[in-house]
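Note that subunit A is present in both complexes that follow, paired respectively with subunit B and with subunit C.
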Partner chain A sequence: MTDLPLTAAPAATRRSLNPTLARYLSAFRTPRGVVGLTILVVMVLAALLAPVLFPGGYDQQGATTFAGPSAGHLFGTDEFGRDIFVRSVYGLRVDLSLILSAVPLSMAIGTLLGLSGAISGWLGAGVQRLLDVIIGFPGLILGVCLVAVLGAGWFALFLTILIGGLPSAGRLARGAWLSQQDREYVLAARVLGVSRRQLLVRHVLPNAMDAIVVNGAVWMVVGVYIEAGLSIVGLGVQPPTPSLGVLLNNGLRFVVQSPTYIIGPASLLLLLAVGVSLMSDALNEAVNRR
Partner chain B sequence: MIRYLMRKVPSVVFVLFASSVVAFALPRLAPGDVAVTLAGSDPTAANIAAIRKELGLDRSPVVQYWDWISGLFHGDLGQSYLLHRSVASLIGDRLESTVELAVFATLLVVVIGTALGVLAGSTRRWWARTALDLGNSILVAVPSFLIALALILVFGVYHRWLPASGEVSVVHDPAIGIQYLVLPAVALALSPAGGVARLLQTEMARVRNEDYVDLALAKGASPRRITLRHVLRNSFGSAVVAIGLEIGTLLAGAVVMESIFNRNGLGQLAVSSVTSRDFTVLQVLILGVVCVAVICQIVTELVLAALDPKIRLGDQ
Partner chain C sequence: MTPTTNSPLTEPPEAATDRAVPLLRVEGLSTEFRLTSGDVKAVDDVTFDIYPGDVLGIVGESGSGKSVTARSIMRMLRPPGQVVAGTVQFEGEDLLALPEREMRRRRGSKVAMVFQDPQAALNPVMRVGDQIVEAMTVHGVDKKTARARAAELLDQVGIPDVPTKIDQYPHQFSGGMRQRVVIAIALANDPALLIADEPTTALDVTIQAQILRLLARLRTELGIAVAIITHDMGVVAELCTDVVVMYSGRTVEKGTVEQIFKHPRHPYTAALLDAMPRLDDDLTGRPLPAIPGTPPDPAALPPGCAFEPRCPFAEDACTHAPPQLLEIGDSGQTAACFAAQRGVEVTSVRPELTTSVPPRPAPPTDEPVLEIHDLRVDVGSRRRGLFHREPPVYAVDSVSLSVSAGRTVGLVGESGCGKSTLSRAVVGINPIIGGTVRVDGADVSAMREEDLKRVRSSVQYVFQDPYASLNPRRTIRQSLTEALGIRGVGGPELEAEARSLMEQVGLRPEHLDRYPHAFSGGQRQRIGIARALARRPRTLVLDEPVSALDMSVQAQIINLLQRLQNELGLGYLFIAHDLSVVRHLSDTVAVMYLGRIVEYGDVADVYGNPQHPYTAALLSSSPVANVSAPERERVVLRGELPSPANPPSGCRFRTRCPVGPLTHPERTICAERDPQLTVTAAGQRAACHFAGGD
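Moving on to the complex of A and B:
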């Protein structure tokens, strides 16, 4: 008798987990999802294969400086005659490595922090106050603070994106916990002796998951913009390593001599943002369709 | 209202206290020693120790923190170690530039955001609504620095209509100053304006479905009167919240705008004090930004209460 619910529970999760995944995957069947995914896949492949596609590396200098766009140099050349398209593709490596590592980690840690209220109400409220302090620092200001400690570079950007994303995920997870903890089925599960961890994983988390996944996709766009913003100011990845923001920073200095310099990196950055935005829209739609 | 403000005090004090600790601690956690930098060509141990003593860096962090905070309450922002000037005078020199940019940009956010939102929320023609919808979404999605680059290319480089770099004080020379201000302020304002417009539009669409709008319609009120008196008035609350929320973004964006348009404002001061590790300047700037953000949030809630008689602050 007492064994019954316990044996039934795992079967129920297995059934509910697959539809969840299927729902996320169904996002890629909508036109928006397909376009977004295609843009991202092409960009990730280009970034991964950059050393194969352009074995000369991003520092190969040519004879002509400030050349306009041509068949040989798609985005033109920069102040040292380096091909801006090649540099942009290498720059993409920095941006993609940042958002693809920092954002998932940020969402995961944020979720854990949000669920900390399940351990004790006092801890949960305390964590929320701390997350409020993070919200007080607008994205770039947080970046400036972290650069002051760590020095400019990839890791400071990574931490900025990671810490900046914590409050949103934390609030979503806490919201799910607060809304579910008084529901009858959660009470029933508790009475049946289901452990707190199982309760969170099986009942609370699935309720927060959709919103957190969509939020993560949105935060990836913000991450790209944070990288670009800090690099334009001069506190991002340090030259000679190119990132899309560094290229914009360099291009701005020569905007009068060579107006086409910034157009290439800027459009690549916009394309990346559009790709991620389309994905997040498609995910949002897929999640709300059920 | 007083009671409402009193209730907010503990959380505001906590956020400000935590931010002040962060602002104080972060720059000091950075590797490198100011005293070594200042000793310059003569970095003997005795010399460094003397400099540390002179600057008060040999005391415990708690004492230093207390000195700083009590100084703030007496209006003393501290001294820049590297520039040998008071932080107050450094900030005073740059304040005007940033305030001009922020105020002008906020005005543009209010005007453009409200105009686009009301247009999108009240037009009946589907093509106009779709166009405004799309326009607002694009504005929201494109960050201010990309808009800035586009504006520089179009209005500063291809057509030399407006200056794309540098600044002139609006107070000293309004005619020229405004010209320098237009591009950075528009670039800074468009994206938040799109956000405000989109919220206002959604809210107007929601309010239009309320029963009292049907009633007004049944009583024979003109569409114009319905839009202005019944729909718009009840939708403004969300626009106010959106504007309040966007001000933090705006301040952060101002840092980038100052860099792009070569304006010598507080953002540039913050960036240069990060690169030169001038942390007495940096800690004041960080705390200042958080203060402004907190004040904006409280003012937003007060305005919201003034607009909506259903919200009675402090009555619960």
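Moving on to the complex of A and C:
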């Protein structure tokens, strides 16, 4: 109970593989990880291959408008007779490109900002106050402000998601740094003479990583919602380019005439969120396994 | 029963116990933990009786099932724990068969429990008086009566100034006082039996002596039977009348305290008693007869006797079925050992006393490797705010020490006396405010970049908690490689060096790629030592390196440290609160009180003839695992360590001193002048105006 017997210890991982990396990869051996990864891979592939799968593009208009779901039009058609499924898959390109670029960048910058306290106490405290200011702006308000400056479009969304994610990563990294600082193994490394940079990289960061990776996955979901939210009010990606948010925005307008319009894009959004959530859960579980 | 008047700590009153009807009879108690990975037998067929007025000691190491036994009796097991067999007869009725409602009525009123951590046992947002009152009102006492009784109880357990204290919150009490409150709560409903689970483990030795004295007093004054669960053989010898020794969930031996300590019948008990360093140690410099190996994993017990793999008397029969607990001779003492039951004398003679052991090699030179002079460490200004600075708190105030190559300086004192602060300041973790630190003759007090480099290549640190001092995410290889890399070892040598370090500390090099969680506490401490050795230091600062370990493993680590010192000529600064371990390992000993060294000298001098009253009190407070020891004069210190933020004027010890102004009001000098460390008649140095006197 207290101590595992030596015989029950997990077999040492293959030497060639970095043990930390192996730990993260073990997430994909759990059912949750597999399902999450599959959902995400399918969605990314579909988005990447959209021009090949649907060479007609997202603007091809058909005869019937507001058609319900059928074999030909999986999600039905919109007010111009365009296939909503095709538009949704093209829309995924926008969302995936946003969250897959903005969120990792945001987490990386946020982590660095959070660890800035290791350089000097004043810098660390100052950065935290700066992050507090960002927290003061809810995601959508921040987006509206950025749109006012930059104009609506992909880049404004990208920046909104990036900046919005900084405080959580910064806080987590700083928290990890503060709590790790007094751990005996960090003290032990200091006494050995490990440099400050190595201390952060080897002992503090790996312990902050878990929380930050999971936070990143959560922030991806939030990113999709920010895109959708801004697009619903018309400040996101501009029509005719589809995004999940734009489609939801349009669908909302016709929700009385054609209730099925909104179901397709909404369920894709949900699926994306579920995929990312499952992944983050699996990662969380994998890194916290002892 | 009749309360006895003589000291209960040394003389268990035989006549006081009524041997006719047991108060509690535990029979065949078995408890399992139903885990997904399989059932784990935590308690296996445990049987014992407690008679009114008895103090039963249940001793064992972590994982031996002693706490689970207590919880099973109280029916306080949480799932997946489950009692699978046995009965618990209390005053004639089976507690295990009672409906939960009935059990709740008895819990706390008939049988009460005291837990290890008084901090966790008290509700921090409730006044202590209300907590005692609550204990009574749930059993139907009206509030007014309960309140009066609460005051009475607090007085009984030795809380001063009850009218004020009764309305205070737990945080306003010190650790020892909190434990008294917990005991008061347990006593609230006049229980017939008090079960105390490691009641003094979290406390300092002088406070422990106070609590043990209190428990003994309760027994003689109130006639309460006490079952005390502990890992400390010393506590058992001091307090108990009867002993149950547990190992891996089973009772291995049972008898009166005299029987167990004078003639242990089970090899485990015998080996354990032998492996413990003693206050009257005559083995300084020689290895302790350590028990090899580690306690078995409760989830994978051997089919036969659980102690068989570590037992010098093991035979073929031991591997097949566990031996029954049978009476040895007609003494009433029982042991679960085939050899003992056949009449083999398992009491091991300390082999190294009969065989000649080569004298300890003299250190190559008497060269000081670590010198501390007038060191002051401030721990207050760390908590500085934006616009204000806290006043300085000198946790270490003008301390001087010198560690020579191949020699050990023991540093003893209660928690809060500054010994860890001192050791951390030496390696540059805590900032130094004043004084000098010299490493290998070079002054490093400034702790600049190059000073730190020098310190770290020469002085290494072994931490107390082997679970916290290894990064759980890094394999042993990674941890050792990191240290070796800083020394400049690289390439193909790295592997060889890492393997040789593992061998040096008695671990298998094949285990390099395992994570810390795959190792037991003792093995982890070996890894911690290996990591420190990787930098080839000349001095090791050992911060309580064995106090977190199981008692059967402590001796192994002590022997390892001694062997390494002899082989490598290391200087040790050995910090501990366990006086007997310090005695065994040290050449010189420094006794620290509230940031100051109060006595300093050769270990035999200090232990043999302590000159400072604090040293004398520490020595007499330490429980001794020997029932036939000549009765010692006991100095039980009153009160607790004052805060270093506001030390008493003059002599810092005067507020607790048994020879100072407390007992001799005419000794005003103690409050006026700060005593300096001066050489006393006995040889060692002591900081006391009345050194050696009373």
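Assume the second predicted complex is superposed on the first by the 259 of 290 C-alpha atoms of A that agree within 3 Å, B and C clash if a C-alpha of one lies under 4 Å from a C-alpha of the other, contacts with A are read in each partner's own complex, and residues count from 1 in each chain.
Criterion: a residue touches a chain if its C-beta (ideal position, glycine included) is under 8 Å from a C-beta of that chain, and two chains touch if they have at least 3 such contacts.
Given the structure is predicted, the values throughout are model-derived calculations rather than measurements.
Peer 1: Is A:V194 contacted by the first partner subunit B, the second partner subunit C, both or neither?
Peer 2: In the superposition, A:V194 touches subunit C alone.
Peer 1: Classify the contacts of A:P206 with the two partner chains as first (subunit B alone), second (subunit C alone), both, or neither.
Peer 2: It touches subunit C, and subunit B stays clear.
Peer 1: For A:E184, select first, second, both or neither according to whether it touches subunit B, subunit C, the two together, or no partner.
Peer 2: second
Peer 1: Would you sort A:A273 into first (subunit B), second (subunit C), both or neither based on which partner it touches?
Peer 2: In the superposition, A:A273 contacts subunit B only.
Peer 1: Using the superposition on chain A described above, determine whether A:L21 touches subunit B (first), subunit C (second), both, or neither.
Peer 2: Touch partners of A:L21: none, neither subunit B nor subunit C.
Peer 1: When the two structures are overlaid on chain A, which partner does A:A63 contact: first (subunit B), second (subunit C), both, or neither?
Peer 2: So A:A63 meets neither subunit B nor subunit C here.
Peer 1: Hey, which residues of subunit A end up touching subunit B in the complex?
Peer 2: Contacts found on subunit A: 129-130, 132-133, 136-141, 144-152, 221, 225, 228-229, 232-235, 248, 252, 255-256, 259, 262-263, 266, 269-270, 273-274, 277.
Peer 1: Quick one: which bits of subunit C touch subunit A in the complex? Just the residue numbers, please.
Peer 2: 33, 40, 42, 62-63, 294, 296-300, 424, 427-429, 452-453, 456-457, 460-461, 463-465, 468-475, 478, 482-483, 486, 511, 513-515, 517-521, 528, 531-532, 534-535
Peer 1: Can you name the residues of subunit B that touch subunit A in the complex?
Peer 2: 11, 14-15, 18-19, 22-23, 26-27, 29-31, 141-143, 145-146, 149, 152-153, 156-158, 164, 248-249, 251-253, 255-256, 259-260, 267, 270-271, 274-275, 277, 279, 282, 286, 289-290, 293-294
Peer 1: Under the definition above, what is the set of subunit A residues touching subunit C in their complex?
Peer 2: Those in contact with subunit C are residues 1-10, 12-13, 15, 19-20, 23, 183-194, 198, 202-203, 206-207, 290.
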